[in-house]
Amino acid sequence: MAMLHIVNKSPFERNAFKSCLDHAVAGDSILMIEDAAVGAVDGTVFSSDLKAAMADKSVYVLGGDLAARGMSEDRIIDGIKVVDYAGFVDLTAENDKTQSWV
Amino acid sequence: MAMLHIVNKSPFERNAFKSCLDHAVAGDSILMIEDAAVGAVDGTVFSSDLKAAMADKSVYVLGGDLAARGMSEDRIIDGIKVVDYAGFVDLTAENDKTQSWV
Amino acid sequence: MKYTVMVNEGPYQHQSSDSALQFVRAALEKGHEIFRVFFYHDGVNNGTRLAVPPKDDRLLQQEWSDLAKEHDLDLVICIAAAQRRGLMDPDEAKRQGLDADNIIEGFRISGLGQLIEGSIQSDRTIVFGD
Amino acid sequence: MKYTVMVNEGPYQHQSSDSALQFVRAALEKGHEIFRVFFYHDGVNNGTRLAVPPKDDRLLQQEWSDLAKEHDLDLVICIAAAQRRGLMDPDEAKRQGLDADNIIEGFRISGLGQLIEGSIQSDRTIVFGD
Amino acid sequence: MATKKFMYVNRKAPYGTVYALESLEVVLIAAAFEQDVSLAFIDDGVYQIAKGQNTDGIGMKNFSATYNALGDYEINKLYVEKESLEERGLTEDDLMPIVWEDEDDDWAEKPSIRIVSRAEMADILADQDVHYSF
Amino acid sequence: MATKKFMYVNRKAPYGTVYALESLEVVLIAAAFEQDVSLAFIDDGVYQIAKGQNTDGIGMKNFSATYNALGDYEINKLYVEKESLEERGLTEDDLMPIVWEDEDDDWAEKPSIRIVSRAEMADILADQDVHYSF
């Protein structure tokens, strides 16, 4: 019964991403889309929170949203997987359900 | 050249209120409207930040927005003044300019 | 897999409509079924035909309309949200005594039950919002 | 004191339109002048006449329209933002070859220069947004 | 039709945005579908069920009484996160006393609000089929 | 007409919302009014001028090149907050090299971007007449 959490808010602007991390359970997956993509970058004030969550959760970022904001893939946290929209669809199919942290 | 800062975001949801506090200068005034009104309540994780700002800034809350969210005036931080829309207008006239932290 | 997609913001102001459109396209390409797209809150504003094609940008309302035609999609606008915001089809405009309507081809206006039913019938419900 | 007020969100979704309306009323009551109210971003959606009066709630679009009539207010909708979102007056609709328009009485559509000019002419510019 | 577990996730304060009101409108319609309905109040969502809401000063409709009607529609699982309350200086006493009448227990009035910890909330969210986010 | 100091306060990431794009559209119109125009990039607003933006994957218009045109309109005061960059793991090297040509200095190319501290930004904001918030 794994869940895909979809986050679309910058972790620097809103508490939605933090709230997602606080409520996701072991084995869940987290996908960053839209403004949330900037949360994938390493060396930010948010990256330690995200790394801690990665201990027992899988984390993905939508490549198109990362590139749109000028962040190249080589600066994201090790272990975060970059997906395109086809990969986004696959994640929704592979997990039993999804929750959007709008 | 004093400025009125208008904040309309909950300090628990977004960084706008914190950013306002970080950028207001001594002698400025801060008015909480809409969802920001909940920031006036004492005993929250945000109240110490706001109290620190009150050392050299005046802080106001729109009473209608506070009441709409079920928060009575007797639980707000000492020193915060409650105004109505007429008081809101007065604040914009008394200060030389305004900035909205949307 | 069968999907119901919920779009809660209008075009342009937030990326939600863009993201939902890209998601629906990708799902269709993979052979999944889009049972319904339900437009709620400001999402109802995606269904207007009165937007003007920009010189150099996408016209989201038209893209939804075209996609609906191409794939026979069921694009449903919530009637209660639409009434607040001024999105009308000919029948509803007439019923309300209004002198115009603004819905674009490919969308229809209906009740919130369509959302619940969509989620019951579908394997997945995906929400795009602010 | 002379004010220009900027409204950046549509009706209902965010409180901005309500707050701006209450502010403008209070300013007028105190004898201040509202030089202009400029509607930008989704704020353009405040100017539709196709919204339906709810049974038990305010109809914001009508309240703006009524206030404009009562106080001869200048309510300006940004044309670029309006074109993206589908808010049209009869002239613009005709020019674009559209079969309908949806602007409500009391609003007019014009360019962004009206905002800048408003801020230059006014003592205060107040922004209401998300 | 199959029965699914529907969760309404409410994370925003009322009135500043329309989400709280329009979330409630979905919940009321959902009642007719005989599904398993729960509501979660997390983060600023807890203000939606704060007691004493008075909108006279802002010209908006006060819809808070509607939460009291949910029991009549057999919607009686309102999960409220303890940590969200605490961070905002609130306790259960600040919430409306929302109740429902238990048909199977001689129509006894029972509380609909269940205060849960963040960890419990995570498990409750994980146990649902459909998540509507407002 | 009197000359006023106009400040465009940009605090949000591009593409996730329309504010960055429509802010820029106001700035371009403002150029015709011969006012004193400044732009501030604070919080997530710093991503608006990040270099290498590529929107191919999301189907939206890439408008970042427009910032390079601002110099032609004599808009050359783009204040970027140092702390906002640092919190996001960014440095000045991550920003587009936006420049303007100084007519009074033999059209020498000069940087439009000025990195300032949070305290300096507060003073700059305090020194304006009109604040547009995006």
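We just call them A, B, C, D, E and F in the order they show up, numbering each chain from 1.
Quick note on the criterion: a residue touches a chain if its C-beta (ideal position, glycine included) is under 8 Å from a C-beta of that chain, and two chains touch if they have at least 3 such contacts.
Everything numeric here is computed off the predicted structure, so don't read it as measured data.
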item	value
Where subunit C and subunit E overlap in contact partners, by chain label	A, D
Distance-maximising chain from subunit A - centres being C-alpha averages	D
Chain whose mean Cα position lies farthest from subunit C	B
Contact-richer chain pair (by C-beta pairs counted) among A-E and B-E	B-E
Subunit A-subunit C separation of Cα centroids, rounded to whole Å	26
Distance between chain centroids, defined by C-alpha means - subunit B, subunit C (Å)	38
Where subunit A and subunit B are represented by their mean Cα positions, the distance between them in whole Å	33
Per-residue overlap in subunit F, given as positions that touch at least 2 other chains	15-18, 43, 58, 60, 130-131, 133
Overlap residues in subunit D, where contacts from two or more other chains coincide	12-13, 15, 19, 22, 41, 57, 125, 127, 129
For subunit A, residues that touch 2 or more chains besides their own	8, 12-13, 15, 34-35, 64, 84-85, 97-98, 100, 102
Overall pattern in which the protein chains touch one another (line/ring/star/complete/other)	other
Complete list of chain pairs which touch one another	A-B, A-C, A-E, A-F, B-D, B-E, B-F, C-D, C-E, C-F, D-E, D-F
Subunit C residues within the subunit E interface of the complex	6, 40-41, 80-81, 111-113, 115-117, 119-121, 125, 127, 129
Subunit B contact footprint on subunit E (complex, rising order)	12-17, 43-44, 47, 50-58, 60, 62, 64, 87-89, 94
Subunit D to subunit E touching residues, read off their complex	12-15, 18-19, 21-22, 56-58
Contact set on subunit E toward subunit D in their complex	15-18, 58-61
Subunit D residues touching subunit C - in the complex, by the definition given at the top	10-13, 41-42, 45, 48-52, 54, 57, 61, 83-88, 93, 96, 98, 100-102
